[in-house]
Structure formats: structure tokens, C-alpha cells
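Note that chain A is present in both complexes that follow, paired respectively with chain B and with chain C.
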Partner chain A sequence: MLSYILRRIVATLPVMAIVALFVFSLLYIAPGDPAVVIAGDQASPEDVERIRQSLGLDRPFLVQFGSWVWRILHGDLGTSIFTNLPVSAMIAQRLGPTLSLMIVTLLLTVVVAVPLGVVAAWKAGSLIDRVIMGFAVFGFSLPVFVVGYMLAYIFALELEWLPVQGYTPLSSGFWPWLENLILPAIALGCVYIALVARITRAAMLEVLQQDYIRTAKAKGLGQGGILFIHALKNAAVPIVTVIGIGIALLIGGAVVTESVFAIPGLGRLTIDAILRRDYPVIQGIVLLFSFVYVLVNLMIDVVYTLVDPRIRY
Partner chain B sequence: MALLEVENLQTHFRTPGGINRAVDGVSFHVNEGETLAIVGESGCGKSVTSMSLMRLIPEPPGRIAGSIRFAGRDLLKLSDREMRAIRGNDISMIFQEPMTSLNPVLTVGRQIRETLMIHQGLDKQAAEAHAIEMLTLVGIPEPKRRVGEYPHQLSGGMRQRVMIAVALACNPKLLIADEPTTALDVTIQAQILKLMLDLKRRVGAAIILITHDLGVVAEIAERVMVMYAGRKVEEAPVAELFRSPRHPYTQGLLGAVPKLGSSLAGTATRLAEIPGQVPDLRKPITGCVFAGRCALATDLCRQYAPGLEEKGPRHIAACHYAAKGAIAA
Partner chain C sequence: MDRRTVLKGLAGAGSLALTGGLSAPAIAQGAAARTLRFVPQANLANFDPIWGTQYVVRNAAAMVWDTLYGIDAQLQPQRQMVESEEVTDDGTTWTFKLRPGLKFHDGEPVLSKDVVASLTRWSARDPMGLMIKALQQELTAVDDRTFKWVLKQPFPKMLYALAKNNSPCGFIMPERIAQTDPFKQITDYVGSGPMKFAKGEWVPGAKAVFEKFADYVPRQEKSSWLAGGKQMQLDRIEWIVMPDPATAAAALQNGEVDWWENPIADLVPVLKKNKNISVDIGDPLGNIGSFRMNHLFAPFNDVRARRAVLMALSQEDYMRAIVGDDTALWKPLPGFFTPDTPLYTEVGGEILKGKRDFDAAKKLLAESGYSGQPVTCLVAQDQPITKAMGDVTADLLKKLGMNVDFVATDWGTVGSRRAQKTPPGQGGWNMFHTWHAGADCINPAPYTAIRANGDKAWFGWPNSPGTEKEVASWFEAKNLDEEKAAIGRLNKAALDDVVYAPTGFFLSYTAWRKNVSGITKGPLPFFWGVSKSA
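Entry: the complex of A and B
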């Protein structure tokens, strides 16, 4: 098992290298010359040339790429063109809110979507099933910002149950932290919950047809034991897969959600960086997101072996 | 004394094409410690009968009527909770497909433990010890190691042994075996049958054996009930049935069994087959259910359904002509 994980980590290196190449190429593909942007409107061509040289933008592509990778491997993501702060420090500062939002959304999704999907499959064709699946289609079709503003309007402005926007770090207490994350997590989780509930239902429907479910019934097991132990564990592989794929959705959705709820996280940083053409920051964030995604995929593969003993590497 | 008394069992399914009368008015009984075989071809309602006894028919679309008295209680009148307490404890089941009847993601030990923990209130350690004991009893080598293994690590025969261990863990009074050996190699079949008989003697359970394999019936059953198109057409002690089958359908079944070595002995004949198809159970049947395929059928058969009549010692059959020597082949 350990050797499998090690092999998988080694196998992700080429993936990360390709990602790094793409990320670096952004500078060349994207319109606009960073040297001109940094120099500002008043700069003379000489100023621009000076900046270009100081940033090494005049050197050959591969040389630039090589030295960039070398610096990244040493933990140096470069310096922001706009703020002159190290990119790694800027990311570290914004990581907390985004990570909090993602974790709360992920937990909310698993806790809500999986039971809903299980119940829908159990009562397939009934009113409950149709109501749950109706909500799933609804949740799937609503954009994050629409849900976000609707929730903020109802629960924050009208009912005043929860704060409208903002973020409180976990260090100032659990409830103040959670309170600020509930509405964003629901808004961000909507699509995700719909997706996971649908997949859970489909996977469970197939499993519930199997002979071993009949065996479980014949043994005198209760409905709960049959659904959540005998059936759900067999349905787990596709569910876990979709939860993993959904993390990519979360990364994209977080950018919008953080804007709606004024959460000072990586999503906001991303938007700001793009608007300012702050290439080192954009590169750092994209690289981080890619790394997280590769890591999540690795984790999913490991979880497979835990839920299904037939899967061995 | 009768352990199980089934009275006018009717299991019907609502389908788009009408009501499918999969089991239509079947009555039988099983005595304590007795082995009753239910035989018939695919679709005759034998499996539906066994599933009905356990109330494992999904309702709807299924509907079970009649009465199923088990140890004095009508199972059809019990609540779901009371029924669960009987399943796997007083009545347990072995299925045809050992490859798919065990849960692939749970250990063998866990699947045996479960019934013990639910029904006997054992804690995990005690149940585990008992599970190992059961694996030893069903002849699985290295039970201490096997108990932690998953079904895919076992062969088909071993899995059926595990199924038997699961079924017998709580010392049931009645074991329903639905084609327990059909999916197994012939050599393994014999081992599994012997095992079932040994264990039956040990725990004193009655067995309902559902099969279309008449060789198996001859080997282990005491009494045989023949089903056709959702009805009981004949019932007799096993020796009596093989010696003098009364119903033309039973005679057809027996005629369709190849005799080993008959070609060497020069007595080989073409295997008799029963022509035609099982009638559509969604349409009402007037007259004898077998009339459409019976070589001896007359207008009487096509108009009036024969009742079950005494044709010999403890031998009943539903045929207008069964009593007459003409058809005693």
C-alpha cells in the first residue's frame, strides 16, 4: 500500500511538470506585456526595457522557465508585481478562508447529499424520490451567485439569522467562524450536493438490485443496516469519485462565492491578480490549485482501496 | 407435528400486461426436521413460493395472500419488525448464486457475525468465535484466517459453505435452500448436499429444498411437491413419486432425466421432452393448467380444472385421469 502511494506520488511529478509548463507559458500566451504594465502609463521605452531586463523577461523562454522552476522547487513563487510582497506570503495569508470554505462545503455536501441519494434510491419512484431529484435538478441549474445573493437576502438581510458577508478566522472561536461560512457553503455546495445526490441514487439503485442485498434481508437485517452498510459501501466507489471530481467544481465556485460574500480568500486574490495582470501571483495560485487537485485524485485512489477490498494495487 | 403450514398461498404481481399469478393457491406443510423438495421447471413459481415464505417479495408490485403458519403464528400477519426477528433466526435461506449472494465488500466473518449479533445478542468477540466455529463446521480449512477474508478470495464451493454457515449460525428451525447446488461443479454439489444433510441432522432443522434437479431430490428429500404454472400438481413421499408418478407433468419431468450408462448398456432411448410452453400466467386459465401441453388432455381437461385428489398412500395429484392405470407409464 505504502509503495503504491509512493509510486503514485512519483507518477504525479510529470503531471505537475506539464502543469508548470502551462502555467509558465501564461506569461507568453496572455495579451499585454508585463513590463509595460509594471512600468505604468508614464514610462518611457527605456524604463520598460530596464524593467524587462531586471525581471529577466529578455532571456530565452527555456532559460526563464528553468530558473522559474528552480526557484519554485526552493519554495520561492516569486514576488508580486503589484504589491512587491512574496507570492507565497500572499497566498499563505489568503489560504485560511478558502480552505475553511472548502472544508465546510465538502462536509455539508457529504452529510446532506449522500443520505438524500440513499433515501431517493430506497424510495425510488415515490413522491420523496421525485421531490429530492426535483431539488437536485433545481440546485444543479442555479448559478452560485444567484443562490448566494438569494440566501444573503433571505437569511441575512430579512431574517437576520446570519451575517451578510465577511470572514472570521477560526482562532476567534468556532461559532463566529462557522456562522460566516454557512451561507457561502450552501451557495457553493448547491451544485455539488445535487451532483453527489444524483450519483448516490444511481449507484445505490444498481446495488439494491444485487443478490447480496436479498441475502442481507433474508438474514433479518433492518432497513438502516441494509442501506447504509451493505449497500452504501458497495456504491461508494462512484460516489467517492464524484466527490473528488467535485473538488474541481469547488475551486472554480470558490472564486465567485468569495466575491459574493466578501471573503478575503484565494478566489478574491485570483480575481484581483488577473485584473492587475499580476502574473507571478496568478502563476502561484494556478500552480497551487493544480497541486491540490492532483493530491485529491491521489487521495481518491487510496480511498478506493479502503472501501472495496477487490481493488488492490 | 407440522412446523410450517401454508394454506392457499397466492403471490400475485401487478405488471403492465395484467396481474401475474406467479403462485396461485398453493397449500403444503413441512414437519419438524423433515426435508420437502419443491420441483418444477423455471417459472413454475417455486422460488416465488420460497421468497413469499420469508416475505421477501417487494410489495408492491407483489401481493401475498393466504396464510403461512410457522410454529403457530401466521407470518403474513406479523409486523415488519416481528418478521425481521424470524428471518435469519428461525427461518433462514441459502440461495442459488454463491458468487453473488455474499456481500463483496464485507469480510466473511462479518457476514456470519451479523446474524448472531442481531438475533442472539452476542457481542463482537463472542460472535467472532462462533463464526470461526461455524466455518470449521462447514468444512472450511484455516477458519481463523478465512474469517477475515473477503468473498472474492474464496472459490464458489467455499462461498456456498459460507452461505450455509450464515444460514445455520442461529440454529434455524427451517432452512429454505433455493437451488443451492445449481451453480456448482458436480463434485462440489455432492459435497454441499452431504454437508447440508449432516448439519440438518445436527441442528434438527427442517429443509425446503427448491430445485429442478431430480437427482438431488432423490438423494436428500423425504417428500416432494411438484409445481407447475404457479400451482401444486402433485405431492408424494419421494420413493412413491419416483416409483409411480401420477401426474403427466411429473412423468414428463422424470422422462427428461438422462440415465447414466444407458448408451453403454444399449438401453439408450431418446430423452422425452415436454412439448410446448408454460402458459402465460397473466391470463386466466380455465381447465387444467397443463392441458395445453398434455398428450392425454381431453375436452374435460380443457373445461374443468382437476382438484388435488388422493391417488395413493400420502400421494395426491391434480389430474382427471391420474387414477387410471392407462397413464401409469
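Entry: the complex of A and C
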């Protein structure tokens, strides 16, 4: 297993290299110019050109790419064109809020979606099943920002239970940290809960028709034991897979959620960087996201071996 | 149903609930009364007001760095860091003396050498600074509090240049910081103004914090815009960046923030209904909408084609597209200069007044030789103002029988593409939309967009010798009457040659909690004199 994990980690290197080349090339050919944004609306073309030169943006593609790769190899993601701060420091500033949001959303999803999917499969065809699946369709259909605004209106403006916006670090206390994340996590989690609940139901339905489940029932095992010990464990592989895939959805959804709830996370940093053409920041974030995604896939593969002993690497 | 409709509806519903008078949640009640939470117009992405000339940077910098002179609400330059000045009879030698007791945030005294270095950096980037630099013989520190600027010929607008609020302003920094290349960003933010920048708390894109500088020595006069006594009533000002207007509206209603610089027009009715919130015009100098035509290529290289567009253009259509039905927020502008300011004029503005004459416009367009070639119209969709104007322009051009190549893109792309002097079919363009702060259009000094010196002019590269002649006349004017006469002639010449197409004058609101007082109208948010009760 250890050698498999090491092999997979080594295999991420060419993936990262291809991502790096792709992102750099894409940004190079994309229209827009950070020097124009920096110089301001009233700047002369000469001013813009001097800023471009001072940023090294007038150099040939290969020279720029080479110096960027060289810095990356030395563990340096570069410096933001706009803030003049190291990209790694900017990412570190924003990592906490995004990570917090993703963790709370993931926990919420697993706690809500898996039981809902199990119950829906158990009561397949009944009113309960239809209600749960109706909720799933609803969750899929509503855009994150609509859910976000509705939640903010009800729970912040109307009931005054939770704040509208912002983020408080965990170091300031558990409740201050959590209260800022509840609404965003629900808004972001809606689609995800719907997805996982549907997949759980489908996987459980298949497992519940297996002979060993019938045998378990015949032996007089309780319903809870059959569902959550025997059936769920055997249905876990597709569920784990979709949870993993969902992390990519979370990254995308975080961009909108962080804007709606004014959370200073990586999603907002990404949008700001793209709109301003802050190339080093965009490159750093995309590299980070792709690394996280590769890592999550590896973790899923490892989790497979835990939930299904037949899988060996 | 689009996103804008949803947020408007929900914010409206929130307002109805709140007009009943709901108390702020615990998070807001815990905030100190001497801390102001402010939602700025944009993200403070960098903090060098000379290197980056965005308004948001200038607005923050005005708290942190002081200026030698400050413009007041009557648009007159007043002494600020300067105690006195003398100018020789021939107008070529200016001698300035600093006020005693001025200190930087690191406790060091403000000395003439700091001023010399600051002005040197500023004059390398600012349009008026560049004009002074072109005339400069020497800029030297005479002693710790006295410095001298010797010119080869008089520059009557010297004090205005040092006082103006247009970006970049002549902010005074310590010599070691001001010696930074003006095209490179500073990394040290030691200031000379009433507030210190808390660099450690800066999260670009999310938050910036300013703390009161206890050793700041304000002037004794009453404050007026950038002039007078900058008396700080607040200990701490937090700028909280909110990219989503609905979130900002909800946060203001909920008491999570105290002042929102520029609420969008759609949400203003909601805020006005809330009894805890005050709403008023923020900047009386407003903005001037504009679309610029490329004077280098057909069809707009022919003045008849440009005039045809102007003859058919309805400013009301543009203004309603930008600000909606609130008639208090806009007015027609048959000229280029900011209404209700001393140099405002309508001389030569007949072409923009009265009923729009499409038949005459079409005839003039045909005379220009236009024969259906595509007109590349750049429209930034991520800026509500340019998007609204772009839609109106596309409709206008189609009504004139023009073949519109509507390029829907983002502001970053417009910013770089408009600099292309290649033909429209080869990466260039025929027209793009923008707007100018009214504060930049009160006279020709900061008004880059009115210049018409061909290759050296702003994007579109208009070449109008008549306009340039009157710009020079204004700079040489000895008194207000001469200035007014020059501006009248300038307005006419610029309209005759259609330097650009003004689409109207529009204002915007600002909104704050009623426990905040002392907010004044002006071209930027002024924090001195602002206080907050619990």
C-alpha cells in the first residue's frame, strides 16, 4: 500500500507539470493586461508600457515561463502583481476560510445526505422516498446564490440568529467560527447533499436486492443493522467516489458562496485575480487546486481499500 | 428570473421586516463605538497611490498620507502641510515653508528632503506633475522646513496641482519610501496623515484597517474636503470589501457595517425604507458617461460620421439605462465639464440638445462615405455602467443603419484592446464605453479624456488643434473670467470635432447607519469629522 501511495504521489508530478504549462499558456494568450489595470483609466500608453516592463511582462513567453518554473522548483509561487505580497502568503491568508467552509459543508453533507439516501432506499416507492427525492431535485435545481440570499434573509435579517457575512477564525472561538459558516455551508451543501443522497439511494437499492441481505433478514437481524452495517458498507464505494468528485464541485461553488457571504477565501481570491489579470496568483491557485484534486483522488483510492477488502493495490 | 431580480426582491423583503425596527445582532453590538466599518467602492488591492492610480487607492491613501495643499469644497486649493508660500514676481520661483511639528507615523519629523523626494516621484506620474517637471529648473530643500521649486517659466496652476484630489495626488512620504521608482510599488506604508495603515491586518480583497495616528497635528480651520483640520473622532476604521451588493445591503441593514460607499441604484429604495439608515448623494461632482470613437479608422476618422452619432444620441436613454427612473440622479450634459462647477459651460452644445434628428444624422453619415462596414463596439459586461451604455449604443447605431460588431467582453480586455492602434479587423476597435469622475472634469488639468493632441491623446487619439489651443489658453489664464472664456471655446471646439461623445451626467448615493454622523458629500469619502455613537 505504501509503495502504491508513493507511486501515485510521484505520478502527480507530470500531471502538475502539464497543468502548469496549460495554465501559463492560457493566461499568456488570454486578452487583458494587468499593467492597464494598475496604471488606471487616465494613464498614458507610455506609462502602461513602463509598468509592463517593470513587471517583466514584455519578455518572450519562454523566458517568462522558464523563470516561473524555476521559481516553482525552488518553492516560490512568485509575487502578486497588484499587492506585491508573496502568492504563498496570500494563499495562506485565504486557506483557512475556504478550508473551514469545505470541511463544514462536507460534514453537513455526509451527516444529512447519507442517512437520507439510506432511508429513501429502505422506503423506496413510498411517500418518504418521494419527499426525499423531491428535496434532492429541489437542491439540484436551485442556484447557490438563490439559496444563499434566502437563508440570509430568513436566518440573518428576519430571525437574527446568524450573521449575514464575514468569517471569524477558529482561534477566536468555536461558536464565532461556526456561526459564520452555517449559512454558507447550507447554501453550498444543497447541491452536494442532493447528489450524495441520490447516489446513496441508488447504490443501496442495488445492495438491498442482494441475497445476503435477504439472508440477514431471514436470520432476524434488525433493520438498522441490515441497513447501516451490512448494506451501507457494501454500497460505500460509489458513495465515497461521488463525495470525492464533489470536492471539485465544492471548489467551484465556493467562488459563488464566498462572494455572497463575503468570506475572504480562495474562491474570491481566484475571481479577483482573474478579473485583474494577476497572473502569479491565478497560476498559484490553479496549481494548488489541481494538487488538492489529485490528492483527493488518491485518498479516495485509499478509502476504497478500507470499505471494500476485495480491493488491493 | 435573474440574479439581480432575486437579490432585489430578497433585500426588499428584508427591509420591510427591518423597518419595524430590529436591533442589531450580538456581533454588531460588540463592535466598539469608535470603530467604523466601511464598505468601499472596490477592493484595495494595492496601496501605493503613485504607482496605482485607482480611486479606491487614492481614497485610502488620503487618510494615511497628507498633502501640501488640499482642495476644498469650493474647489479652491488651501494650505495643508504648508504654513506659507512665496512666489517671485516673474512667477518662476516658488518657496514653501512647512508647518512646524509635522510627523510621520514612525515618529520622524516631516522634513523638506521628504517633500522633495515625494514631489519628484509624484511629478513623474501625474499629468500636471509632468507639466511642472517639464518646466523645472530645480527642486531643492533649503532647510528642514523650507523647499524651493524653480521653473523656467511660470506655471500659474501650481497650487492647484499640489492640492488637487485627482489621482495621483501629491502625497508626502518619507524620503526613503519616496525614492522608490515611480513605476515600482512601495512596500513600506509609513504615512504623514491622520490614520496609520495596519499592514499586518491587510487582507487584499477582503479587509484593510486604519488606526488613528495620535501624533498627527491637524490644522485649526474647519475641515472642508481635503483641506482644513483633519480631526479624527474614530480610533479605527475597517474597510470591509463586499463584492456582492445584496450582501452589503443586508449587512448595512443588520448593523454589521456602518457605511456603504456606493449602493447600487437598484437597492437604494430598499435602504431608504429602513428607519436606521440614511441615504444621500455621495459625490455632488458625479460622473460623466462617455463613449469614445476611434479617430484613426473609418468610419469615425471622418468628423461627419462622429457628428452623425452625436446628432442621434439621446442622453436620456443612456442615463435611464444607468440609473433607472430616479430623475434626481442624472441630468443632460451638452458639453464636457462637470455641472454646477465654476467652469461649467454649454457653449457649442446645441448638437446634443432638443429632438434627435435621425434623418439628418443618416444623411450626414452617408455623406461621410459610410457603406456598411462593421463597427467594432467594445462593451465591458462586468461593469454595470458600461454594459448599460453599450446596449443603448448598439441600438442607436443600428437605428442609424450601421453594422454593429458588438464585442461583449470584460473590463480587463477592453483596457488592453483599446490601446491597440491596429485596424478594427486586426485586433483594434471603433468604439468603447467608459465614464469619468466629475472631479476629473472640472477643468482641463486632470482631464486626460478631453485632450486632443493626436497620437499623444487618450484612447481614440483625437486630433483637434482647436481643442488643444484652448487647453493651453486655460493653463495660461490669469483669472476666472479668462478661464471661463477659454473653457467655453474649448467646449465648442471639442464638440465640433467630437473628441468623444458625452452620454450625460449622473450621480450615485451613499448610505450609512444613523448612529454615524459627520459624513460630508465629496468626490471621495472623508473620514475626518465622522463619529459613531453606540
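Note that in this section the second predicted complex is superposed on the first by the 280 of 313 C-alpha atoms of A that agree within 3 Å, B and C clash if a C-alpha of one lies under 4 Å from a C-alpha of the other, contacts with A are read in each partner's own complex, and residues count from 1 in each chain.
In the analysis below, a contact is a pair of C-beta atoms (placed from the backbone, for glycine too) under 8 Å apart; a residue touches a chain by one contact, two chains touch by 3 or more.
Here the structure is a predicted model, which is why all the values come from computation and not from measurement.
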{"item": "Touching partner for A:T83 - first (chain B), second (chain C), both, neither", "value": "second"}
{"item": "Partner chain(s) touched by A:R50 [first = chain B, second = chain C, both, neither]", "value": "second"}
{"item": "If touched residues of chain A are counted for chain B and for chain C, the larger one", "value": "C"}
{"item": "Partner chain(s) touched by A:L275 [first = chain B, second = chain C, both, neither]", "value": "second"}
{"item": "Which of chain B and chain C A:P264 touches, first, second, both or neither", "value": "second"}
{"item": "Complex interface listing, chain A residues touching chain C", "value": "31-33, 36-45, 47-48, 50-51, 53-54, 80, 82-85, 90, 93-94, 143, 145-146, 149-150, 152-153, 156-158, 160, 162-166, 259-262, 264, 268-269, 271-272, 275-277"}
{"item": "Chain B residues within the chain A interface of the complex", "value": "54, 56, 84-89, 92-93, 95, 97, 100-106, 114-115, 118-119, 150, 152, 163, 166"}
{"item": "List of chain A residues in touch with chain B within their complex", "value": "210-212, 214-222, 225, 229-230, 233-234, 236, 307-310"}
{"item": "Residues of chain C touching chain A in the complex", "value": "3, 6-7, 10, 13-14, 17-18, 22-23, 25, 27, 43, 45-46, 51-54, 125, 127, 167, 181, 183-185, 187, 203-207, 240-244, 246-248, 250-251, 253-254, 256, 382, 409-413, 415-417, 419, 434, 436, 440, 446, 448-449, 456, 458"}
